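Next, two complexes with chain A in common: one pairs it with chain B, the other with chain C.
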Partner chain A sequence: MKLLTHNMLACHIKSVKNGFPFKIEAVRVEEIEADFDPDFLRHIFPRIEYHALREAAETLGAGGLPEQADEASLEDEDFLRAFHHALLEVVLEEGALICPETGRRFPVAKGIPNLLLHEDEC
Partner chain B sequence: MRMQSLATLEATNRGSHLRPDFQREHSNGADTSTEESQLLSSTSGRGAGDTSGLKRYLVVFIHRHMEFRLPELEAVAVLVLGCGNLVVEPRRSTDRPWSPFWYVWLPSDDAARAIAARTLLVRIILEVWAEGADWPELEAGLERARGEKRRWLEDGRSMRIVVESLLRSMPLAEQVEWIERLGFMGFQGPFSLSSPEVTYRLIVTERAQADNVPEVAEPRVYFGRQVAASNRRVISNYALAQRAYIGPTSMNTEVAFIMCNLAQVRRSSLVYDPFVGTGSLLLAAASMGAVTLGADIDVRVVRDGKRGDEGQVLDNWSNFRMYDLPTPAGLLRADAHRPPFRDDLCEVVDAVVTDPPYGVRAGGRKGRSRPQADVVDRATHIAALEPYSFGECARDLLDTSARLLRTGGHLAFFMPAATGVYDERDVPAHPVLAVVANCEQVLSSRYSRRLITLQKVRAYDAAEAAAFHKSQGPPSSGCDGIHLHVFAQADGAPIPKPKYRSKQF
Partner chain C sequence: MKLKELEALLQDVSPFERPKVELEQYPTRAHIAARMLYTVGNTYGELEGMVVDLGCGTGMLAIGAAALGCPHVLGIDVDADALAAAGANLAAIGDDLPVDLLRCDVAALGAQARLRADTVVMNPPFGTRQRGADLEFLRAAFRVSAGAVYSLHKSSTRAHVARVAAGELHAASAEVLAQLRFDLPASYAFHRHKTKDIEVDLWRFEVSSSA
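Showing the complex of A and B:
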């Protein structure tokens, strides 16, 4: 799972008020090179919760994102590269996503989070 | 339905669902060369039916997936040219409904080539020099065109003339006869059959010789310069037969690419498939340069995969690796009934392309809610699932898509249909999604499926959507009981229960 996906997900247990963002428990993280596509990055940036992305990237050992970023940052090639790397090149292979409210652990195996809720959660 | 709309093809209402302002802001920066930017500037802001600055071309389709052909062409034209709509000429009333010939207006030969390179169902695009009901009529037309086309005839480019009938393979002697008749045009050559710079085509459509052969088109003769020919190489490049990981319901390669075309998937798109299975649709989208995201409730299909002959693991990741495509941004094990996205996530996905379970070859499943359940150990607990009817599944699919799609983005999905069961009112609806195309693909004598393409026409409003769903009552569809129809036994024997994937998998 790349961090773009992490940024879109939230714990959707019925009783949970704010399940975003998932905390990440990282067991195995890989870096995979992805095509650098500035058009995609500019298009997706306004939809990204930037602070959640930055925090997740740091958890997975990918620093380099500045504390603050806005649309103007997209003009900066260095920022675009760091944003691209965090969003699409850092992959959580094994570990878990932890609900920030309940601590419910959703395991990630083979890069795929198991987000199916149990009967009492939905 | 499509047929009627084609027959009454009116310039006035064309393109109403394809307003140029829906084009993504950076659409002239996405898959763009200077050439395409020029195409864009020459076609944007054009009124429907306005042909100024455009040239007339004849599109000859492949004779399959008939209902998909024109919608695919229209979608690809918008995608490749960045124009608001494609100008398609109404056909003569004497023509046959499934004739593979359509005249369209395009800015240039390059535009025609760009379209042919992307569509699966266009065979040839011709610049027609003349056409007629018979040879004398064609000859008269060519006589008139000859002066204007002189530069093609005399500039020394290598050329060939291909003669064909749409109904039969034409004997060589007959082909030669046609070519000799064309001699008066004064083609200078040199001739090259293997690698000509220009190909001319003479296409004959004839009256059927036998009663049981349906005529595909009104009898006519067309002659013109071939501007573009289709590129269907993706079908063999991504053939299911050679793919590492497939399942019983993996989407046929040709249809997968057509679906992505109808959904206008392009470079830099974010594409979501909530019923990803073995990932055929995301593979097609990724090959077009999209960033992909998929989900499935069946953990064995989406995550575990299977073992190959040498014990190697074959799964969704293997396929992306074997084709050297960028791996998905995410594959999730998740329930389409309870999508696991943050509440404020919207206007983010460019296309949703999916093949939901119809309950014929694979039945749908969703999580079962039981608030009183006593889950002892979450790490080992296996969540209970229950059947997910097509009606409910379609409602959820449309609602999730309506929320996640950017305005102007598309949802393309299949729904089952059967003679005597299908009713146009069964096509699922949503207040912010408008039907762009509804194309039938016949699968057996008992049932078919329909590719429904919807476009998001305005922003999603949760309250409006909730009120709409409430007004519709409990989700249901005429397709819910389709397996009863498909598997009905002549002798009244019991109908087998619809299968979930497990048995074949």
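Showing the complex of A and C:
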């Protein structure tokens, strides 16, 4: 699971009000190389909750993102590179996603998060 | 990548080992997947943003979309075996294709308010085993996509799909791009004939921006 995917998921247990962002429990993290595509990065930026991305990246050991970023930051090549790396090149292979409200743990195995709910959570 | 190359790559995507009847797990044939994705990418230029494959199964459409240059694909399926097969297919290609996989029930996607793709491509269940499964996928696709939805539906349901798209889902447009012949292999024990041809429509829907 890349952090772009993480940034778009929330805990959807029925009683949970603030299920975003999942905290990350990292057991194994991998780095892969992804094509650097500035147009896509600029396109996807408005959909990203930046602070959640930055915090998740730091949890996975990928620093380098500034504390704040906005549309203007997208003109800066250094920022784009760091954003690209955090969003698309850091992969959680083994670990878990933890609901920030209830602490419910959703396992991530072989890179695949399991968000299936139990019957009493739907 | 040329159409022929894409089709050759997708020939190597393994189908389900033990298809599950209740989930209507039949594979998308490589030549159908390749033509479908070529249309999405080349005719409409809609593989340039984020793509979601709902009911991705063993990953045929997700892998094909990534191979055609899509920068981020998310394949979603409820079935762990299908996702394991998709993961193995991705590993076998070995090219670090930008595909993420997620285990989630399609019915639960309505609660994922932040999940927003530019394009949804999918080969949903036809709804023959579980009535309405096809439309449940279509509803979910309209929630997830900010742009277009490409989907395969039995031609016999064409009028009904058109009604749901226009009435309930407020599609900005709904068009059958092609009619395909699907040779459903005898995946299940109750299929007596070796293969069964059915007519399937390739639909393109545009999601209304105000929805």
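Throughout what follows, the second predicted complex is superposed on the first by the 122 of 122 C-alpha atoms of A that agree within 3 Å, B and C clash if a C-alpha of one lies under 4 Å from a C-alpha of the other, contacts with A are read in each partner's own complex, and residues count from 1 in each chain.
The rule we apply is simple: contacts are C-beta pairs under 8 Å (C-beta built on N, C-alpha and C of every residue); 3 or more make two chains touch, one makes a residue touch a chain.
The structure displayed is predicted, hence computed values, not measured ones.
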In the superposition, chain B vs chain C on chain A residues touched: B
May I ask you to decide whether A:35 touches chain B, chain C, both, or neither, giving the answer as first, second, both or neither? both
Give one of first, second, both or neither to describe whether A:74 is in contact with chain B, with chain C, with both, or with none. neither
In the superposed arrangement, which partner chain does A:98 touch: chain B (first), chain C (second), both, or neither? neither
Tell me the contact category for A:120 with respect to chain B and chain C: first, second, both or neither. first
Considering only touches as defined above, state whether A:111 meets chain B (first), chain C (second), both or neither. both
Tell me which partner A:26 touches in the superposition: chain B (first), chain C (second), both or neither. neither
By the touch definition above, which chain A residues appear in both interfaces, chain B in one complex and chain C in the other? 1-2, 4-5, 8-10, 12, 20, 32, 34-35, 37, 39-40, 43-44, 47, 49, 88, 110-117, 122
Touching chain B in the complex: which residues of chain A? 1-2, 4-6, 8-12, 19-21, 32, 34-35, 37, 39-40, 42-44, 47, 49, 88, 91, 104-105, 107, 109-120, 122
Residues on chain A engaged by chain C in the complex (per definition of touch): 1-2, 4-5, 7-10, 12, 20, 32-35, 37, 39-40, 43-44, 47, 49, 88, 110-117, 122
Applying the document's contact rule, which stretches of chain B touch chain A when the two form their complex? 24-26, 29-30, 267-268, 270, 289, 291, 293, 297, 299, 302-304, 315, 317, 326-327, 329-335, 338-343, 345, 347-348, 367-375, 378-379, 381, 383-384
Contacts from chain C onto chain A in the complex sit at residues 48-50, 71-72, 74, 78, 80, 83-84, 87, 96, 98, 100-105, 108, 111-116, 118
